[in-house]
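Pasting the structures in now, so scroll down.
Shared between the two complexes below is chain A, which pairs with chain B and chain C, respectively.
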Partner chain A sequence: MTRYRWATPWLFLAPVLALFGVFKFWPTIWGIYLSFFEVRPYRGNRWVGWDNFTTAFHDPVLRSAVGHTLLDAVVTVAASALLGFGLALLLEGPARHLRILRTAAFLPVVTAMVAVAELWNTLLYPGSFGTVNTLLGHLGLGAQPFLSSPHSSLASVMLVQVWKSAPYDMVIFVAGLAGIDRQLYEAAAIDGAGAWHRLRHVTLPALRPVTTIVLTLGIIRGLRVFTEIYVLTGGGPAGSTETIVTYTYKEGIQNNTLGLASAVSTVLFLVTVLLTCLTLWWRRRKEA
Partner chain B sequence: MSKLKSRRRAIPGAALAVTLVTASLALTACGGGDSGAGKASGPLKVWVRGAGDSQKAYQMVFDAYTKKTGVKVELFMTNTDFETKLNAAAAAHKLPDVVIDDGAQLGTFKKQGIITEVDKSKITGAGQVSATAWKSVADDKGATYGVPFSAQANVLLIRSDWLQKVHMQPPTTWDQLEAVAKAFTTQDPDGNGKNDTFGLDVPGSTQRGYLSWYWSNFLYQAGGDFLTPTGSGGFTSTIGSDQAVTAADFLKKLYCTDKVVQPGALNQVTTDTNKAFQTGVAGMYLTGPYAYATTDATAVKGKYAVVAPPAGPKGVGALAEGTTLYAMAGSKRSADFATLASYMISPEAQTTGMTGVPTATIVRLPINTTVDAAEVHGGDPRWQTAQDVYAKSSTYEPVSAPDWQTYRNDASETLNKLLSGCGDSKQALAGLDSTYRSLLKK
Partner chain C sequence: MSAPTTALGLRMPDRAAWRIVVRVLLYALVLFVFFMPLWTMAATVFSGGQPKSGQMSLLPRHFTLSNLTTAFRFGVGRGLLNSVVVTGVGLFLQVTVSAFAAYALARKKFRGQALVLLAILSTMMMPEEVIAIPLYLVLGKVPDPLGGSSLLDSYSGLILPVVGWALPIYVLTGFMKTIPVELEEAARMDGAGDLRIFFQIILPLCRAALGTCAVFGFLMIWDQYLLPLLVAQSPHMYTMTLVVTSLSSSQEQTEGVRLAASLMLMVPSVLVYLGLQRLFERGMLNGSLKG
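Let's look at the complex of A and B:
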């Protein structure tokens, strides 16, 4: 019986692997395969080689969508991580009131994105009588267009994303902070290190693995941003919030060019894998 | 000890069993079972794009059909990703027998090869269907690719109480529309002392081509069109015409110069604009007559009038749309399709579709010329207005162009960009024209 012992963990993993296989791995492979075809569900797909990729790379709309996606990813990942770290420093600890505050801060994460987006849509109503604009009015500031102007739409969308993801980063940082040996702080304090030096030389180095996780997850999340943008602006106005995935959705579902949509998804998939590998490699090098 | 050993052996076995069950469940879920057509017997499989109370209304029509002919109907209805589900069914070669969907899908469906030509001579009562409606289901060479079930034309919903407040009449020309829109925006027609009302309610999002759908009213009022049939099959692009530029300039003036459009318009779809009209944000709404039922269920009931859209340089014009029965490829039920279509265009089914379920007018305007919409709706003059606009002044989009949706989406993108940047209409439409030309070459 011991001969088959190696199989035991695999058998336990098998239910999840089977589900992933059917709903993740197989669709991914199938999507890559479809990138090389003009997809015609009824008439049968037509092989077009690299045509879909050529079309994608030459489409100025996709190029600007890539730009928006990268900007969105970088800004939201950085801002969420900073804010999450700040929140973690403030709210870390075993005290009961901190637990309550942490739970409150975490609520945006567990709320459905569509509900969050609809809520922000109402708050950011561009008229002078919108909720946020009314508050700005009390401060003597004029009404802001927020999502309705191509100049401020992307920034507004990012604001919502940061609001939603910063608490998620906070939780990871809190876990990281809890794992730091308290004696290090005491030793540093005895050596005369102030709060800033303790943060700089004890906390931050100890949090490096956690930071990598936060950044990796953030980049992956940032590159495939869709729901919030689709609900808030639908990619508009004037394509100012078009991202790679909203573009893919439009091409695949609205314009019925599933081959092109698959090609774009394939490229996005490869880039994500590459970026993840790079982050992991960088992490290993730093930690080695 | 031996007990422990046997339990240990049992656990991997149980895990394996769970896996097999999960995997088979997942596979069954994917396959969806046998839901396709191609069978010569059994119930007729009909897919309808729609939701909510419409399902009750369709069921009423189908029940009456079954009673009459003995042919059972298996109805599948959804609004969520309808076309995606249809794509999946097409890929599996398990299409339903009949699909009832937006008339604007004709070109797309035909290009995909999933619909078949309809023999009009097999359809009883075909002569009672209006010529305009039949034209809307013809392809670029005049062949019939569907049977019309419902039609509609856009009308102008306008707040009558606001008009009274600003001492104005409903607009009948572009100039008057602009004047009323300005008055609604600047003269506080709701009298709440706040500067929070607007003249026009515009669904300006690019999603599903909303902005193009809205703007086409102005395009037809200016005498323009998106594409024009060559007559020998195929189309030429006319979107760069002077008429189209005039129509774009008009909307741009309202949005950019007069600023009489509700805030956030360029991101909004009809769900948002319905709300804007129903909650007193905007006072004029160009939309279809299906809005009567939903608007009457809100606080503005009785506070709005329905008039024909205003006249542009060419005269009164409005977008016409419809719901169409498509005969699906691979179905062996062409005889049943003919009897179902014959029943659905009959005065009886048309009337049921209009009033069977008051909250869901699945037939907006009857396509059967012997049925009078206003009469069926108990003499409601709003339906008379819609019927007059449809009969005298409406134009269908070139829905038979292959992938018409793509053209509509491109028009929306161009107009959305034009309005948000308040740019040059002629230049923007020239760009759209070249996109259309390259699409037509494909």
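Let's look at the complex of A and C:
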């Protein structure tokens, strides 16, 4: 019995390690490997060195997709955090009506992204009797094309993303606000600090650690945005909402240029790893 | 001090009353922005008559179930069934294997432990979106344990890739570390083996953490879109998310029918959230910041 004690933890870990091995590590490594090949089903892969990377780098579609992705990630994360913070200031507190309001406002977060995209596709219908356009009409504003015009499509997608993620940030901030020592507010009030000064010098500094982590991890996650884009616009119109992952999906699965798609995915993976490590390293340094 | 008078001779409202009015107006605005769209969706689903495309209802007009029944005729029933099977089986397996792994990581000391933990956490940087292309090829190569030649277009292909997830392992490992070692040692004195200790002592004490993991696992699997997009090829394998998008790309369906499918996709998650809100919020604040 005791001779095999060393094996016990490995038996408990075996299912997870096997699953990760097959569905995470194997694809990751294979993807890096395929980046250097022209993938030709049934005829064998052909080694092409860095060609896939240079082709991708020179593709104007991918270049604009990278731009859209960065813009989308930074803007939606920042806007969600700002709006979430405002919501938290408004709805923070133990009172019953505040809890109910928070719960109602949180429903977009738990709703599947596909359903959210489908709903907003209808709400943002470009015709003048589209729901949002009807509202704009009541306010005396003209009908907007929203998702159907290359000039407003990316902004419209961001609007939907912020709608879904701001209440999430709200809950994080509500918890952060609840954790602030009330005596600090009282002390500040006694010193004659007004609402704005209390916010500026007590609330914001106390929330800073939470906020930086939410923002950086949110942006890293934003780099792989796919579902909402693919369902709302499919990357269009005229490529105006193409992002890195919709680009790799189209190249890889629809056009069957697997090597090129793998090369782009590999770069995205390496950037993700680099940024995550930097974030963790930076946080550890702050804490030490 | 009396309140100042405006140019029109109206008295400015008292400061406290004014604040309450502003607050209530802001509450209404929050509900309008974040809740109203979902309400409108439900109202449109239960409204009769042929609306123009893009037209929605604020209140159900000519109440009808016909949008729902039409949606069910076009695959929503099958989609719900598939999603329930995939989510049910996937969630059970996910929580089980995560608890096993967490037990080893939290309660055992062995060579390579730090490396295993690092490997598990590093999978968070390998989501489907980043490995979609090679994952698709892997799914085509691995035989289906239930008998098929590959995982493509199979339930195993929809389920197995989501079973391994770092988040519940991380949450459960943290939780199990807080359970006093004395309980385990006493049982070991009585001759209990690892499996018995795991099932009879550790698992029952983890109930709260297991519940949190179940809520998150449910939403994670239920909302899957890219994986079914890669795996499911014939319509009878479509999960609910794929049914919703395929209905919306067919031009014949009215807004009511399309939104009926979205509503059916949304209702189970909302019910789970409302029912288990406490577990959900606690989990969000403890572990999922890393997610």
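Going forward, the second predicted complex is superposed on the first by the 250 of 288 C-alpha atoms of A that agree within 3 Å, B and C clash if a C-alpha of one lies under 4 Å from a C-alpha of the other, contacts with A are read in each partner's own complex, and residues count from 1 in each chain.
Following the convention adopted for this analysis, contacts are C-beta pairs under 8 Å (C-beta built on N, C-alpha and C of every residue); 3 or more make two chains touch, one makes a residue touch a chain.
What you see is a predicted model, and the numbers here were worked out from it, not measured in a lab.
> Which partner does A:233 reach: the first (chain B), the second (chain C), both, or neither?
first
> Of the partners chain B and chain C, which touch A:8 in the superposed model: first, second, both, neither?
Both chain B and chain C are touched by A:8.
> Does the superposition put A:224 against chain B (first), chain C (second), both, or neither?
The second partner, chain C, only.
> Name the contact category of A:195: first (chain B only), second (chain C only), both, or neither.
In the superposition, A:195 contacts neither chain B nor chain C.
> Now for A:129: first (chain B), second (chain C), both, or neither, which partner does it touch?
Both chain B and chain C are touched by A:129.
> Once the shared chain is lined up, is A:147 touching chain B (first), chain C (second), both, or neither of them?
In the superposition, A:147 touches chain B alone.
> Regarding the shared-chain residue A:139, is it in contact with chain B (first), chain C (second), both, or neither?
neither
> Is A:214 touching anything from chain B or chain C once the two structures are fitted on A? First, second, both or neither.
Touch status of A:214: second partner only.
> When the two structures are overlaid on chain A, which partner does A:24 contact: first (chain B), second (chain C), both, or neither?
Second partner only.
> More residues of chain A are touched by which chain, chain B or chain C?
When the residues of chain A touched by each partner are counted, C comes out ahead.
> Taking the two structures together, which residues of chain A meet both chain B and chain C?
Shared contact residues on chain A: 8, 12, 15, 19, 22-23, 125-127, 129-130, 253, 258.
> In their shared complex, at which residues does chain A touch chain C?
6, 8-10, 12-13, 15-17, 19-20, 22-28, 30-31, 34, 87, 90-91, 97, 101, 103-108, 110-115, 118-123, 125-127, 129-131, 163, 167-168, 171-172, 175, 213-214, 217, 224-227, 230-231, 245, 248-249, 252-253, 258, 261-262, 265, 268-269, 272-273, 276
> Under the touch definition given earlier, write down the residues of chain B that touch chain A in their complex.
5, 9, 11-12, 15-16, 18-19, 22-23, 26-27, 30, 81, 83-84, 87-88, 90-91, 93, 95, 108, 112-114, 194-196, 204-209, 262-267, 269, 281, 329, 403, 405-406, 409, 413, 416-417, 419-421
> Residues of chain A touching chain B in their complex?
1, 4, 7-8, 11-12, 14-15, 18-19, 22-23, 40-43, 61, 125-130, 145, 147-150, 153, 232-240, 250, 253-256, 258
> Can you list the residues on chain C that touch chain A in the complex?
Touch residues, chain C against chain A: 23, 26-27, 30-31, 33-35, 37-38, 40-41, 44, 52-56, 97-98, 100-101, 103-105, 108, 110, 113, 116, 119-120, 123, 125-127, 129-138, 142, 160-161, 163-164, 169, 194, 198, 219, 222-223, 225-226, 230, 240-241, 244-245, 248, 255, 258-259, 261-263, 265-266, 269-270, 272-274, 277, 280-281, 284-285, 289-290.
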